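Residue numbering begins at 1 within each chain, and the chains themselves are lettered A, B, C and D in the order written.
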Amino acid sequence: MTQRTDDFEVPLWRLGILLSALSVAGAIAAVQPIEFPHNKHVAKGLDCIDCHITVDTEAAAGLPSVRKCMLCHSKFAKTGPGVQKLLVYSKQRREVPWERVYMFEPEAQVKFQHAAHIWAKVECKTCHGEVEKMTVAQLAVRHTMGRCLTCHRERHATEDCAACHF
Amino acid sequence: MDQQDTKPHRWGMAIDLDRCTGCEACVAACHAENNLPLSTPDSAAKGRAFHWIRIDRYYEGAFPDIKVKFMPVLCQQCDEAPCEPVCPVYATYHNAEGLNVQVYNRCVGTRYCANNCPYSVRFFNWFEPVWPEPLTLQLNPDVFVRPVGVMEKCTFCSQRIKRAELEAKQESRSLRDGEVQPACVQSCPAEAMVFGDLNDPASRVSRLAQSGRATRFMEDLGTQPKVFYLKRGE
Amino acid sequence: MATVAEIPDPRVRTELWRPLSRAGSRYWIAVTLCAVIVAAGLAAWGYQIAKGLGIAGYRRPVFWAFYEADFVFWIGISHAGTLISAILRLTHAGWRKPVTRAAEAITVFALMIGAILPLIHLGRVWLFYWLIPYPNTRLLWPNFRSPLLWDLTAIFTYLIASSLYLYLPLIPDLAQLATRSRGWQRNLYRLLALKWVGSDRQWHALERAMKLMAAIVLAIAVSVHTVVAWDFAMAIVPMWHSTIFGPYFVVGAIFSGIAALVIVMASLRRFLHLESYLRPLHFDNLGKLLLLMSLLWIYFTVAEHLTIWYGKQPAEYSVFESRIYGDFAPYFWSMVILNFVVPFMLLSIRRLRSIRTVTICAVTVLIGMWIERFLIVVNALSRPRLASAWGAYSPTWVEITITAASFVTMTLLYLLFARLFPVIAVWEYEDVAHG
Amino acid sequence: MERRSFFKIIGTASGGMLTGACGNKARQIIPLLVPEREIITGAEEWHPSVCRECGAGCGTIVRVMEAERKTRQGNENVRERIAAIKKIEGNPLDPVSGGRLCARGQAAVQALYHPDRIRGPLKRVGARGEGRFEPVTWDSALEIAASAVKKAVDKDPARIVFLTRPEASNRSAAVASFLRALGAPPASTTGLCDFEIERQAAEVVFGWRGLPVYEIQDADYVLSLGADFLGGWVSPVFYARRFGHMRRGRPGRRGQLTHAESRFSITGSSADRWLPVRPGGELALALAVGYVLVTGNLALANVAAGLRNGFASVDFERAVKISGLPAEQLRQVARDLGRSESPVVMAGASVVQSNSLDAVIAASALNLLLGRIGSKGGVIPPVEASIAEFADSRAHTVNLLRRLESAELVMLDSANPVYAQPASAKLLARAPAIVSFSAFIDDSSAYADLILPDHASLESAAVVVPDVTPDRALTGAQPFVHPLYDTRATEQVLAELSKILGRALKIDTPEDAFRKLFAGNKSDWSDAGEFAKYCNRQGGWWTESSRSAHASPRFELPQLREAEFQGGAAEFPLNFVPYPALQFGDGSGAHLPWLQELPDPASSAMWGLPVEIDPKTASRIGLKNGQMVRMISPSGQIEAPAYVHPAAIPGVVSMAIGQGHTHYGRYASEQGANPLTIAAPLTDPQTGAFAFGATRVRIEKLSQQDRLVQFSAVDREPELHRR
């Protein structure tokens, strides 16, 4: 009925994995190679889908490549410290090694389909929080199976395990 | 909302034994599609090789009047699957499309389902699977690599079904007959295997399942398999 | 009744409490040795968890083997106790007094070992809690249709009931012990004695509780092993799918339980010098029981195999064939010799029935019953319905170590138990003496 | 018909996509690689390619998706996102594969990502055959190679031996022009799975160049004589598709198959009747059947008199005796052939005997007796090659040992003579110079002085003319993944070599080939560039062609004779039949783990192949499955585990070819035994083909029980087992 955000069971071994994953990723707000300000880009009128272009067509939302960033940044806003870093990547013809913020634990074996959720009119913020107010994306919503299932139940979406685990 | 979803699919397969030559193309196709762990001479000798589909061979008679019976055996996706009730954690269950699903991440590894499968099509991950680099580059990202301690088996290539269903949904249409093909069916040179929706009376597989040659494997056990074998003719 | 009344009251106390106050170096050597082997078993298990079940000898199609055989064996042994003591208690068999607690302790320890083996057999033991029904974030429940869940429920119920059943008759003794001991032991006994003062009300309540528990435990014990049998009989594996398995397993369980009891009693008699309590009469009576169970066992065995042989259904017959004159024949026939031929020869002739022969029979029966469990599990699985999947199994050092450790765990637990608590209920003698 | 309509669907879909009109259709065939294109996580692309595991030239499509590659650059572990090949399937547009593919073709992806691929040019440091090499740069490698070539050319260009794969392709064209420029003789093949006998016979009997095409999909009765066409003969996918159609593709009409072979191959298993002919008895069988056809008035009336008389004068009794089959059975087969509405005789030599050429000629001639040339369900001539240059450049089988004996320079391109004819190892060891282009250190490359590694076939552009095809065809592949290692396409290396040697060499790309094709085929395409693009996009060019169905028999029917065998029957009582394995072909597939773990159809053996022995012989020697035996022939001996094959012919032991590589990556090296080691060094005098079936052996039981790993060991069902 209501969204449940608390977890009653946090088995110790998983806590361990979580903690070590966090320590590797460097705390909840991942330390990104470039402090990408989501809020600035959204304020300029960009939509999520403008950069995460495959979100409505593919499983993965997609991260923009350096080439894509440079489409704009070779014309506008060429000076900021972040953009300077971007220029270095662009010159080296390397991609930015972004840290993942949202992911399912590998052992959860979830095949998440962004596209299917966009078609079902699930808003980005339902699962990612209010990214438009963030600079660097932060883990605002914890993705547990209970959370997925609660939403699926509310919307009468499939509850077949094979929908996500195969 | 989803008009085409009012009647769920019921996936089934027909295998024409009169066409099957035993060439094992399906076996290789399955390995390529489903990230089956590689065996080694040692692990194979210990009976730990994986083949979600295999060609059973039985010799009948004696030389020179000898025949061999080749029979591709894969998970029969039974409607009354003996593996399902015995799983204590619902890691294997029946879904709305009639698939006998194995949820790898839910499996705790009691292996009861494997004992109870009369077709012996279930395989257990005795070890964490390894691929020497760079063979990992071949792994299909649509299919999970099963970790140590879980059961696995043929899924009717549910990742392909899923892909096709999403594609159809995106184009707002229903699936066409023959649009979904598991890797084994796709590869079969003699076209011995046909896959499709048993709920659609016009599908090729439905028509073959109705044909006089169709039998099901160990039907007497009441497992209600969804793989139909078409007998060899004279 | 006459047998126990002869022992004067003060002697009973001294003799039965003696093991609690003294422990020689031999005792500690034995404890250390046992602890080392148990630790080796735990290490093997740890290695198995780290590497995967593959380091054991399991293979397709023998998905169950040693651990499951061990499991059934230990659950069987657990029937020693409770069942025997409950039957004897309910039937007021007087000679039971020196036997009951020894038997009840076997039950609890065997169950503890038996309950761990399914965990060892799991592919992913760290997720074992998924078998327990509790509300969780995944919004998932276990599958109550699975015999494994019935099994889990039955074993836990049995463990709780039999622990209570062991504990209740201990209370008067604990209260007595608390007055006699010092230090941490005194505190322990006092804590466990639950303020027992021996008032009439307390005695009355205890007696009622024990009677009730005896009845409950009897029912649970029968059902537990029936449920364990269903782990197999509910599957459609040839030679598992049999209606006879429930009673067959119960009979086998009692059979091996009595054998285990005989061995424990013989050891206690020897090492704790309880010759005047555990007397030839007890062994003679248990020997008769063993003989009866042996006859029952062979009846069930013949009944099971005869129908298979006569019916000649191919799938079942191929298992039968390998068992009677195929790869598994050596196991089968040694099982028949150990479980039937030897006990029948030694126990049916009164002249041959002695403490020694009864103990020998108990040992052969234990080995024979383990082989029976092994055969039921491995033989049937190695010959699945489809001949193309037939396979063989041989254990590795991992299963062997863990199996050995399970036996040693029993010894270790008994050693510790006998050191802490009187293995014969002292108050029951006093009861007789003043009543 | 079905294929044509599919063709249209895909054609328009991919055409639309090019103009950007198409949306995001996941499963689409995308043309060329844009070198620096975006890789979309989770999205799949399908590109057309061509399978080069055997000469059949099946058109394929390969699935390309994102993958993460881990490499070390300097001291750093680097992960990069690359496009990787995930799966190979048949190209539904291709007339040969028709969208289907055999196990070997599907496993080819493992050759690309094999952990033991050669990662750059190598120079030998160990002894010949030892397999120890050190890396060199391409520049110095090319220099060394060029000087070796120059030395050989200066001495005697005729003594340059270039061994290549059996295919007609841009590769064969490049090799041919390279050799022509040097004045060296044409390249040749090692000849195990080259079907030279069948080619020669087609030329003799019908006057055709290339392999005949059997229209079994329209036949009612097929007699296959020595052609294991479902196992690996000529074009297994092509014929398996046709077989399926013959069986159940025509409602109410089910074609019959009778298969004659001296072992129970999967073709024999699928046949309605298997004729267990004695090894070398195929000629006798063909002549005896022909005799019955002619004398029983079952043959056509207007057959050339010479041929008719030839068959009529066959000593039937003797032929029956040599074939080892009951006379009545042969008569029955002839009657079935004669009475069938559309019979056809498939003539082949999966296992080459010393009289195989005669046998294939005689068997092909049966089609003349039945009047099945060019008719529906009969045998039709090979299509005129789409690019004659490619077809002409196809390497042929020669007497390998004789060529190697005087070799000044040996060049190896996907050829493994040491494995195919182990006797050649001695000759290679003393060859003045050996240059290999192999992607793996195999048995023969271990002898090479220099290895200039080729790309994996999926990394290089290629155009192939299929061996057997119903239509004119040219199948092409583009590289849509970057080469993983510092390798170079052999065509390119040959061009560079000739440049160093001062001889210009033009190498055709697929695009060039398709442009050339356009010049000869002005169809509805306006310009050559568009046409080439179109061909590249769909994976090739196929068109129906008219063929002259007439045959010009100018031959004499071979005389009845027994095959020649090495070894006296008293000392070596058993016939030995090594055969190309379904999974390994001539042994070249053995390095791929998927093929190693593919259960053998006969014995279910994995990771090793057994000697197949009939139950009677086995019980006489006291053999059980897995018992090690020593097989001794006049040429040598090998040890292998036994498999008691319920359908083996008494007195005939057989063994699949594929194991026993000295070097071939981790999965094949030092695994099992190579049956060719003990094969008699007999050849067919006319073609030079290695008669690897012409051996007699004896078997000794060894004391040890070695590992015969079978996926399913029991080969009888329990009901039968019991009685």
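A few notes on this one:
Here is the rule we go by: contacts are C-beta pairs under 8 Å (C-beta built on N, C-alpha and C of every residue); 3 or more make two chains touch, one makes a residue touch a chain.
Just so we're clear, the structure is a prediction, and the values are computed from it rather than from any experiment.
Any chain that touches chain B and also touches chain C is listed here: A, D. Chain A and chain C have Cα centroids lying 55 Å from one another.
The geometric centre of chain B is 30 Å away from that of chain D, both derived from CA atoms.
Spacing of chain A relative to chain D, judged by their CA centroids, is 50 angstrom. Chain A and chain B have CA centres that are 35 Å apart.
Multi-chain contact residues of chain D (touching two or more other chains) are listed as 24, 42, 604, 712, 716-717.
In chain A, the positions touching at least two other chains are 57.
Taken residue by residue, chain B touches two or more other chains at 54, 56-58, 90, 106, 142, 170, whereas all remaining positions touch fewer. Shown here, the protein chains touch in all possible pairs. Within the complex formed with chain A, the residues of chain C that make contact are 126, 129, 134-140. Residue ranges of chain D in contact with chain C, taken from their complex: 604, 712-714, 716-719, 721-722. Contact residues on chain A toward chain B in their complex (touch as defined above): 57, 107-109, 111, 113, 115-116, 119, 160-163, 165-166.
Residues 90, 93, 95-96, 99, 101, 103-106, 142-144, 147, 155, 158-159, 162, 166, 169-170 of chain B touch chain A in their complex.
The residues of chain C lying in touch with chain D in their complex are 312, 314-315, 317-318, 321, 387-391.
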